[in-house]
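Heads up, the next two complexes both have chain A, just with different partners, chain B and then chain C.
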Partner chain A sequence: MDEENPQSQINISVFTPIIYLCILLSCFIAFSVIYRRRRVNNLAKVVPIFEENHSANVYAFLNSQYSDPELPKDQKPHEKVMKAALLRRGVEAIRRSLRLKEAEPVYKTLYQDGLIGDDVFQQFNIQLKLQELEINEIVQQCESFKKNWAQSFFKVAQEICFNEALRRRLYSMSERKVDLSEVWEYYADKSETEVAKKIDSIEPPSGASGVEVSSSKAKKNKNKKKA
Partner chain B sequence: MASEYIYDEEGDVWPYFVLAILTFILVPLTVKYLARIVSKSDPVSYNKSVKGSISDNHDTLKLNHNSIKTFQKAQTSDRILNKTLVVLIVGWAVVFYVATNLTKLADMSGLFDPYEILGISSSASDKQIKSHYRKMSLKFHPDKMPKDLTEVEKEAFEQAYIRLTKAYKALTDEVTRENYLKFGHPDGRQDTTHGIALPKFLVEGKFSPFMIVFYFILVGVLLPVMVGSWWSNVKSHTSKGLHVDTAALFVKYLTDKNPGKVITPFSLLDLLCGSHEIKHDFNHLSLVQIKDLLTEYMKRETNSDAKLELDKLKIVNVVPKLIVGFIEIAVVFRQSDVVLVALDLEKSIIQAVKPTGKYKDLLQLPYVDPQVVEKQTVKKLGKLFTKDVDAAEVLGIKDEVKLAKAKEVAQKIASLRIIQSEFVVPGEKVVPPVSKAHLSLKFLIKSPALKSCPDLNPDLLKDEETIEYMKDPSSINSTQPQLPFSYCPYFPNDIVNSWSGVLINQRDNKLVEGSSIIKLTNADLSNVSLDQDAWIKGNNVVIGTLNVPLTQPTPQAVGTYPFRLVLKNNAYFGVDVDLPLFLEVKHPAPSAIDKDKLMGISKKDEDSDEDKEEETENDDDDESIFTDINTDTEDEDEDETVPSK
Partner chain C sequence: MDILTYVPQDKKLVFQDDGPVDPKLKLDVDQLNTLIAEIIANGSDVPPIATPQNFNTDLSKVVKRLYEGGVNAFKKEKYDDSVKQFSIGIEMICRRHKFEAFQICLQELSMFLMSRSDANLKTKDYVAAFNDVDMLISMQMVTPDNFLRRGVANFFLGNYEDARADYQRGLALSPGNQRLQAELEICLDKILEENGDYL
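After this line comes the complex of A and B, so read on.
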């Protein structure tokens, strides 16, 4: 550095800074591409909140047949079938919308408290948007069948949805019975026969034993309710 | 200013640089390491020092569960012999070597401290400085120089006098003082030198490429990798230490749950087995194998395969943490049924008792024979201590010593008896609308062997209204002694005993909005070791307190709001509390002074009236509680025992 003379100047080609910039930029681009791809992959890996939307799939399949111009007319699904399928799709959409609406403040709190990861929260927001799109699409499909049908359509769909919710709870009673008897190790049939046997061994057969059994049954029912 | 850098050829500076960096890293690391070792206390010896606690583990009970020993040994050695220890040893060795062999005394002559030169303290006043300077200058003035000095000594003598004068001026003369304050030297700006704590050959010699590569690796590779791995670790776990995939699984389960379906402990276990923590760490085991191991553990059976046995303990060790994480999330969803099942499952895992059936209270005791227990009719711990019950027959234990031990454990399983529960607003006699209320519980810790309840002075059930209490009613909780370790001889780790609770709104059967898990971690257990007479007399009975602030303000509308409080122990069965509560929102009566002014009613009458009202209210509360908790369950027992006899 001490012997500075003008002869030993280094000639820098014009390309040097350009190459430098190119390398730098390509590095950045490569990084951002890889980073984004990984993020999308991660997001796809998160377990979706809902199972597969079966009724939407059925409708999509029917619709593809319905609007296929090459298919002969007698092989196309009937319009009533299409409407019924659309109604099913609407019911599922309403169920999901209600669930999401219910869960929205919960997800916000969970995210604020750091109890869930970014991916889950982001996926939830995507799900919300998808649900909106789904409903919009259903409205469009409605209008394609009959003008102004959408208004009454959602009313009916909601009613079906509530009715089905009630039915689900009602039909699950027998399943609840099985589950709860497993938890409490309370096998009604088994213990009833045991009690009946005991009564038979103590008392001579008469009408009284039947009363006993029925009263013990009532007690059991009472216990079940408590559980 | 010198334009060129000065290299550290002599090796004066870099040792200090290295020392500073190393100590900066090593000191916190050492403190953390030592704290981790010291914090681990032995549960048995700790519990022996706590009155009324159970100080038994699998070792003292001689359960022949050697795998627990191996597991705990592995854990201890993991805690002491780990990577941190290697880093600490190498680091401190380097520090020691550098400090003793490579450092030289730094040359401090360039620094100027007028106080030190004058030899006075830095707090001396102007007068003191002046008088001191006079004395010194008399001594060191060149005129007073002894004549027999050599040239060099003379020079030094004069220099010393000049320095003395400079120091004096720096403290008294305006200009020099300003120079001193600004530049640190009375003559004004000094030459500053910028050095590099490296020898020259590393920077400008042929070794410079190595240096560049070293720096590149440090800044371009190591630093981003470290920060990146730290960040991805932060992102991959939730604030409660659950893996994000696990949290996603739990959240999905709770969002799309079929409300008609019963949550059973088994469905919950299935969910937990699908978590990242178990799937990832035990991927050599199939899902069925993991479930089998857990069932086997809850039956208190040992596996003949030592390796599988160790895996079993490792899985079991993880499960309670997962359950706690699951409850954290379920509480936000306000799903009470799931939370209660999860709390029960946690107990089953910690106590190694199957999560089904009605005999869990007895099955948690040591040495019991489950087949014998499940064939008889006694279900509660308290029944074991009644006269007409033969404990040996009930529990199926033939050995006298073992039976005595089992009974001792049963006697010390502390349960809660709530004697008063109400919603209170500090400083108010009623709960006004939109106020900050808290739930106040008064309870007795009780052994199952103790019968009935002592009569207590109602004055003892009032919280003293200190400033601390008015500010935060829950501050009283922590004044009680901490609960000791739980008795859990089959669980491989130590668990601190506690009750976890939830407040449920009876109107929709969901958890109260914005609520979190109520924790009862402090209580005096000394009641457990009282005998029946002392218990009934109630003189030495300790009353426990739990104050829980409500997260939401009380409702705006006046009325009665029904709640349900469930408190579940994390380790013992049969000691839980489930009681109805009523929040009565009323408009407060106008304050006494206002009333005096307005209506002229005497203050005494009003006070006594209100006191009476409150007392009757409390009585009502107590009655309803007792009928709900205790008598109810005993009724059931009796009902079921009658037909089989």
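After this line comes the complex of A and C, so read on.
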């Protein structure tokens, strides 16, 4: 039997498997580095859905001064200023999260129907992840100022978010009035002359809610019809 | 953020020079300065969670007085005064702390906007009336009366098709509303007249 199957012995150096392993590992590392770099480059190319986050920038600016050991204490931002800045950052995060939540079903439906491409859907998913990271960071910052503040932080931030949105809408009303006037070619000086005359001929409203306008005008109209 | 400076004495942020600034950044800084002032004025370590109990009742009394003043001026047919009173009331509501209960603010505001819209209709400032009531409807105050208000404003602004849509939406909510029906009838006549047609 031994003669039929001669076994030849090959002497392998101890370094051979080690070299093999080294080559294998370096290949893996090279692949991983290149793959990650490419991924990061691709991610960097993705255009963010939202504009620049001014609230986060302002907070970072104040925080850099707050944590600067070289700055004298009286020049550092007050703790309540920091809390306010963090709340504003939280408000912006809530506003963006709400916007993303509103848009989520639309994006999903459009993607399923093939109406938007992978790049747009990926852009949306990246924004979702970034938003999660932003909220996690805010929670961490919150806890650094006061323990367990995170529990009430987002409730307060939500109230601020809604109240600020309401105020923005109210303050934009005067501008909107000008825009509407232009759109409808309705000018204040004209209303005093031409339009006022026209309206006077129709009969002005006489009720508290503009409601009696209807009845008076309706009567007048019916009389006209009868005539 | 090189254009910003923190002023420790005033505890607020200011822009370093008077040059052109991104309006969104300016709005953000203004909102932050207001919030800082409110948190400092509040006195507590961190702003409390909004509840009906910690709603500023002193300000509520002032707001209520302004509302009553506006209604009284309206009853006395001093419509311009009425508009002023309601506008001051709205300004007061805007000065509430931002971390106060939003829902209660909204209720107060809707009352003022409804009344100011009526007063604006009386002063024939139909664009302002439209603005007020349009905001009310966008705030989910979807009632037949609000559609009637917007319809009337649209009618006098010459937007007859929009007025018709408003009356019809009001009627969808309250089909038997005689005032809306009468208004719609007038509006439809006007649309026919505009088209050189008649019944």
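Following the convention adopted for this analysis, the second predicted complex is superposed on the first by the 144 of 227 C-alpha atoms of A that agree within 3 Å, B and C clash if a C-alpha of one lies under 4 Å from a C-alpha of the other, contacts with A are read in each partner's own complex, and residues count from 1 in each chain.
We take it that contacts are C-beta pairs under 8 Å (C-beta built on N, C-alpha and C of every residue); 3 or more make two chains touch, one makes a residue touch a chain.
Since we're looking at a predicted model, the values are computed, not measured.
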Touching partner for A:Tyr35 - first (chain B), second (chain C), both, neither: neither
Partner chain in contact with A:Asp119 - chain B first, chain C second, else both or neither: first
Touched partner set for A:Glu51, first chain B, second chain C, both or neither: both
Touching partner for A:Arg176 - first (chain B), second (chain C), both, neither: both
Contacts of A:Arg99 with chain B and chain C, given as first, second, both or neither: first
Contacts of A:Tyr20 with chain B and chain C, given as first, second, both or neither: neither
Which superposed partner A:Lys83 touches (first chain B, second chain C, both, neither): second
Which superposed partner A:Val156 touches (first chain B, second chain C, both, neither): second
Touched chain A residues, chain B compared with chain C: C
Interface residues of chain A shared between complexes with chain B and chain C: 51, 168-171, 173, 176, 180, 184, 186
Chain A residues within the chain C interface of the complex: 51-52, 54-55, 57-58, 60-62, 65, 74-78, 80-81, 83-85, 87-88, 145-146, 149, 152-153, 155-156, 159-160, 162-164, 166-171, 173, 176-177, 180-181, 184, 186, 191, 196, 199, 202, 204-205, 207-211, 213-215, 217-218, 221
Chain B residues touching chain A - in the complex, by the definition given at the top: 235-236, 238-240, 242, 244-245, 247-249, 251-252, 255-256, 258-262, 264-266, 328-329, 332-334, 355-358, 636, 639, 643-644
Touch list for chain C against partner chain A, complex: 1, 4, 6, 8, 11-13, 22, 24-25, 27-29, 31-32, 35-36, 39-40, 45-50, 74, 90, 94, 96, 98-102, 105-106, 109, 114, 117-118, 121-122, 124-132, 135, 138, 145, 148-149, 152-153, 156-159, 179-180, 182-183, 185-186, 189
Interface residues, chain A side, partner chain B - complex: 46-51, 99, 103, 106-107, 109-110, 113-120, 168-173, 175-176, 179-180, 182-186, 195, 198, 216, 219, 223
